[in-house]
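Two complexes are shown next, each including subunit A; its partner changes from subunit B in the first to subunit C in the second.
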Partner chain A sequence: MKNRAKIGLFSALLCTLALTACGDREEVWAEAPRGVQAFGLRDRVVVLDDSAKRVVSLVAAADQKLERTSVRVGANVASVVPSKDLEKLFVLSYGDLPRRSAEDERPSLTVLQTGAERRIDLSSAHGGLVADPAGRYLAIFAAAPGTLGTRPPPSSFVENPNEIVIVDLEAPPGKEAVVPRSIRSFGGKPRAVTFTPVVNLPGGARRLLVIETDQDVTLLDLDHVHDTPERPEITVRLGTGSTAKPLAPAGIVIDDGEASRSDDTRIAIRISNDTNVVMLTLGPSAQGSPNDFFPTVNLSDVGGPAQDLAFVKTDGGLRLAALVPSVRAAVLVEPSTGLTQKVDLPEAYSRLALVTGAVPGTTGTADVALLYGATTSTQGVSFWALGKTAGQPYRSLEAVPLGTGVRSVLDVPAPRGDLKVLESANGNGFFVLDLASRTASPLVTTARPKLSLSPGGERLWAFPDGGNVISRIDLSTLHPVTLPVDRQVEEVFDVTNRAGGSSVIALDTRGTVSATVLAADAVDAIGGRTTFGLLLEGLP
Partner chain B sequence: MIRRIPLGLVPGLLLLGMACGQAGESTASDDTDGGTTGPAPTSTGGAVAPPAADAAPPPEREVESSFEAPVATGSFVWVTNPKSGRIAYIDVRSLVVKTVEAGNGPTYLAAVPGANVDTTVVLNVLSNDASVLRATATGIDVKSVKVAKDANAWAFSADGRYAIAWADAKKRPGAPKTEGFQDLTVIDLSGATPPTVLAVGYRPVLVGFARNAPIAHAVTQDGVAIVDLATSPPRLVRNVPISATPTEDPGTRDVAVTPDGKTALVRREGSPSITAVSLETGARVEVALNGPVTDLDLTESGDRAVAVVRSTSTVAVLPIPGVLTQPTQVKNVTVTGETVGSVVLSTDGSTAMLYTNASQTERVTVMNLLATPDPTFRTVKLYSPVLAAFAAPDARHATILHDVKTLDGAFSLVPLAIDLPAKIVATKAKPTFVAMTESVAIVSERGDSQKIYGAYLAKLPSFEVERFTLASPPIAVGIVPAAKRAFVAQQHPEGRITFLDLDTGLARTLTGFELASRVVDGSKP
Partner chain C sequence: MKSYQVASFAFVSVLLASRVALAQEPPAPPAEAPSSEPSLEPLPEAPLQPRPIGVPPLQLRSTTSVYAAPNAGAESEDAPVYTPSKPNSYFRFGLGARVTYAPNAGLDPFTESDSIGQVSLEVSRTLLARGKTSLAIGIGWDVGAKATTARGVDSDLTHHRVLVPIEGRYHFASWLYGFGKVAPGASLLALAVKDASAPTALSDLRPGFALDASVGASFLIIGHGPADQKKARLWATPEFGYGWTTSARPTLTTDAREDVLGVEEGASMNLVAVRGGFFRLGIGVTY
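Entry: the complex of A and B
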């Protein structure tokens, strides 16, 4: 492997010298790559090379060679987001700011997918990008400074924070794909956007865009986003107006209600600075309203700021479950009446994940939730069975002590959805939680690991950030295999290779980027290949 | 004994049965000293005090409470927020909440009867004015009118043209004796004449209007003040004394005024006679009965009054106005074998419910007042002592609240028109409020110590009862028949109301009226 690597480096140097000898070089040669970031898709890894206004697509061949393709993207990348199905990559660019000449680029969005690229020019530059999980829409908006995954603009400029640009990738004939909308503002600025699934509203099946600002929530009907005249959005102001303190939304959850009803879709909003959760029930609108649905607002006091919400099925019907770690409790809210039932918890859990489908033996009438806390103050997780027995609003609460808190929970893809990977809060390892047997197998590391799951759920890759080994854990046996790599590792992606098998690509994103490719089921590094200077190829 | 409305709700929509006072009819107690309101199992959920165990039974108890609560008109339920200065109005069909600015400290809200459109008025206690709110096609039209200081109560003419804002001293129990609360503000809601402030006698206890004449009256400790509305501005034309003894303690008397405004009937605690006073001529007639009169009630039409003498279990039917000229032509009926001290009349005046809550009596007597030659009666056996009675508007059914000494409680549903047994319903906490229509009754319950709050919806005549748990203490109930919804207003800092669909039984709760009103859908520029 090392010999091949040296040959690759030598070739790159020769190319460099050859280009240097051919007259004026592009400016990109004069600077080190910057803004390098890697993203894993189902069958490739895409490396962003912002200084060269391109992405480099890396596809593993059957012999672990890397096929490289360079695709031009807009200048000054703001956000890069993969689609939920990992088939596409969306690259949002600020463009050249300010534009001094006709050659300077406008803001743009580049949609990358196998065998095709689509470049969409935008009229205004924004940094926030959210992809519709269903794949049809994108929302582009002014992300708040410091938003994770969003790069700052290259220079200062005036930005309308309430402009939301909706990109309809399946716009009907005759309609523009790009629909800019300035949402109504009472002083708030968007912080997060959420695409709802299809919900059954009084006017028919709809998809909504829910925009959370720092003081209100806006509902935009995506199915009428192309309407002329414009169908106005609905703004729910989260403050009584009696005080200057608005209620700040901190996350939403959605439930479509009963399939036979069109007036029971609900959106629950947790509030970061208040003990209430806000419930919106989408019912019929009054005559004369430009929208054919209208939210009824309801407050439910859950005793403290809710840290997580989920709509859950119980034997008593649908409930909103709110986790309130400040009172070590979960609160079940009956959506129609606002009645609350407090459930004391053994730990101050702050996160909740529904695991009903992965738990064998569940009837479907009641959910099972996994409770965990993203802090070191909690010492494990709990399974919360939401069936009801006399005297208490749940059937059982079973604690699984881990001796540490849980930093995050990774969902193992199907067909191993019965497994969860729990990252420990103390950084000393992780646990593989088997929802069926309710066992939590610890895997110990000497440093805080970075984790990456294979798309098929067969393997988990763990590696120390910046180390030169990667470890594969077979999720059937939990047997770990440690593999050495030549360069330090910052990212690991398990991808489908050209032959239909699986390869693992370990990236060193420093400098001009190198990658080591191994068969995903390799027992050692003998068959691996390392390629250096990936960003030195394909340059103009 | 006269009971007051435990809710500030709309006559005709939110019928509280026979225990309700009527907007156009006038019945009141001159009980003004110290604001004694009797046992109040209503807003506080407190237990009703048991009668003393001495030989003489205590007076009949008044079951009432004084608080501000939502009011309903045809399409809306209205709720004030004195803190924000806004009034929330909820579309009863869509449950869409909107707010409108009122004055400073909008507190005392009332629905205007007889108006063409949904209309309410509210007294703004901090700005000493009133806001008149009318629903229009485009929203709510608000007009402000100046009112006299300390006003905290409303009276309306039957046609909705006139309103009188007045000060009920019972709502100011700590007021010094030198506060007379004597100013009435007469408001012409048509706007034809400007508001007029008139001074009447000391501490009015009741204000009302004659049904078919431009005359208003105010029952005060100095007599009944008569206001002529036909003049511009309206003026006080006379004061009719209701007692030959000017020094009589007014705290022991109840005064009822007939809907036509022509006759006042006065009952005095412990007295065996009723005083009938012509408010036109000032003539007074004493109607002697066979013992101390413990309760007196007028029919809504004002054609007769019913007085009860507990010591002899006598029910006296007084023809109005005939009794003024022939005071001996009173029809006395003895309810043999029963103790009756209280009377509640049905809206149509055909039926009287007779009972006592001064002792632990588990029976109610239903009397047909229209039977000839004499009223007939039957006694219905109950299974818990009676506390209060409420009748449906059609007088076919009644709801009886029971006086249970434990933390829980009970109520009974009683057929009035047919001789069928009553159904008793055990409640988890004390029943507090009742509203009835011809087809449904709603009873709320409140147990603060147990934190139990609920409402029972009873279908009539089947007596099928369903309980709904409430998230917070109920403070009022009502029924909006046109929207087929009942509602239970609850105590909550942000405002809470639960609507019950009378057809499906589905409950919908709204909490946070101010927040709910701040939804902007782009329907207005």
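Entry: the complex of A and C
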């Protein structure tokens, strides 16, 4: 009997032990950080920690200490986009797909800015996010699979590809900030959206949202997006008329025309699968039309698929400049008549950037364009003086041979807007192009560098991806200073610190992420501070 | 079921099996004696005599000695064969397994569950023994470790408690005593993660104050005999209680090394405290 009692006692103890030994930790600890990405804002760096449904904001103090703040965002981040002024960060989340319980999150948009966060719930999940350069609107849409910057959804779900969700961050009182619109579909799916600047239309000053699908273009009046009944969008189906083949838009540019006129706003569309460019002229609409503007369509054959477009001021007036590398030429299109003028180029340039304001001596009546290309066959850049196109187009080009192609061009912010940083295609360095003197100073590296500019344009940071040094180049003297860093460096951001000075934050995004903070003008790394385990902090 | 739970179950099973096996052996004569009152009074005129060789000893399961009166022809048969000592007073050497249920968010990076298993070592000495009660004091050491991953990087935890148990006992029978224990002491928590973005493991040591309060019972397994007989005895001891430590906020930093550029700062973690109910199952040897 005693033995039975003892067995009973031991069994009770064992059961108690088994029961009390239960208890799970928070799920986040079992998940490795996935898709860690860092984004530089003006005064901080924001690290996305998607598996923990948060971002970690890193602010440098005056003594290079790192202040860390964790901010919750929606589950399963789809896109992260900083605002153009680098004051805000927009985080679009798919939410929990599919929702199985009331605790599962809905799709959402989180707006992060200094000292405040705003969470906006959405009714449908989409992956594409584009921010209005003017800061008022956001467009959320179904991004095509593989779209740069868009993460795939966590699971398959039904998505209406023709739904565009417009978020008005400055919605008038009584109006919803979120306006979902389903655009008419002729079989196409949205590929890109563009917010236009304010343009002068027959109905007044307007901002438009231009939606490019894989076969048409849709115009939506943003200033009347809250109207009831809603103003329908205008869809322009693209085709040559000679064949049934749809034309695939690949980019647009817009020009407001003369300030005194309201019927000469033009949208030019380059086509990826055709030699034509499409010009839409926005004039008055027919009486009774729900919209107060209407596009007139013109096609101009530029001899090959255009790789870049820009409206430019020439000595002959406004032109649409199209770069056609397949024929090693630029083509100027007269917008009213569609007449074209071909300008042969020394290289097959594929990119064009207007640098008029940065070049001294320009009159303002004619633009100067910088031509560069991504292909290694291009051996440099050229300045294209558009004030000489009418009579002597062959004399309008001034080549700056670099001995290598140009992979990308970085615009140096004001007040050093007269400089451009050209990343060489061969990966052996980069060039600092002075638009005023039209000189290109080479800076040689031993490995393909990653480049990062300071917001004030004073400095350029160059570093090998995954290396353990960062180099600062003073853009006024082009003097490089190399700073060793104890950790592997994958991202570098030049930010304004708490004291109003500048600090540089170098991130090692492996594991749980470490960050090294240095004074931006440091001459060595002795005064730096490295903080480890950033993604271990601030969790429940 | 966790490994420590399996181990605990096996441990308990072995103890039970051994106890049952012992119970099934032929009982040592005579049968259990009353625990406190002797059934026979020692005769004052009969001095204790050593038992002759070859005569089986008198075995009684009692906390007090039973002295048989010598008589003619059998005087050496009932005589005690040991020098009696103070009953219920002994040294105890204990070894056990302890599981603490400590639900604390600060421990989450280092353990997947809220429980921490530890090995317990303890030595104590009876200071006072009066009747069925006694008081003992000693020193104990609990140590346990856990390892897991925290956000994809290896992490581990080692927890030490060095305690001074003050234990009051009540001896219900020669084979059973219950106890209540208070054990103040020190706690040391060692935490570490091995992060790819750090040059060494990130770690921290957090000392603190610890206090245990518990109750339990000890069951005699081997070594039945008079309580005042000085001999080694083996006990099984289950114990319940609550353990408490002061809280601390660990900062996981790199190991000290040469040629460090600038200043290195660690990750500031959540507050850590190992507080919660615990269960300990041990064996003890008394002498």
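By definition in this document, the second predicted complex is superposed on the first by the 506 of 540 C-alpha atoms of A that agree within 3 Å, B and C clash if a C-alpha of one lies under 4 Å from a C-alpha of the other, contacts with A are read in each partner's own complex, and residues count from 1 in each chain.
In this section, a residue touches a chain if its C-beta (ideal position, glycine included) is under 8 Å from a C-beta of that chain, and two chains touch if they have at least 3 such contacts.
Not measured: the values here are computed from a predicted model.
In the overlay built on the shared chain, the residue A:532 is in contact with subunit C alone; subunit B does not reach it. In the superposition on chain A, A:294 makes contact with subunit B only, while subunit C stays out of contact range.
With both structures placed on the common chain, the touch criterion links A:66 to subunit C but leaves subunit B unconnected. Between subunit B and subunit C, C touches the greater number of residues of subunit A.
Once the two complexes are laid over each other on the shared chain, residue contacts for A:251 go to neither subunit B nor subunit C. Contacts of A:31 after superposition: subunit C is touched, whereas subunit B is not reached. Applying the stated contact rule after C-alpha superposition, one finds that A:338 touches subunit B and leaves subunit C untouched. In the superposition on chain A, contact is made by A:508 with subunit C only, not with subunit B.
By the touch criterion stated above, A:484 is placed in contact with subunit C alone, subunit B being left untouched. Chain contact summary for the complex, subunit C toward subunit A: residues 1-2, 4-5, 8-9, 12, 15-16, 19-20, 23, 99, 101, 103, 105, 107-109, 111-115, 149-153, 193, 195-199, 202, 217, 219, 238, 240, 252-254, 260-270, 277, 279, 281.
Within the complex formed with subunit A, the residues of subunit B that make contact are 83-84, 91, 94-97, 468-471, 494, 496, 498, 506-512, 514-516, 518-523.
On subunit A, the positions that touch subunit C within their shared complex are 2-3, 6-7, 9-10, 13-14, 16-18, 20-26, 28-33, 52, 65-66, 484-488, 508-514, 516, 518, 525-537, 539-540.
By the touch criterion stated above, subunit A contacts subunit B in their complex at residues 184, 232-242, 276, 278, 281, 283-286, 288-291, 294-300, 336-340.
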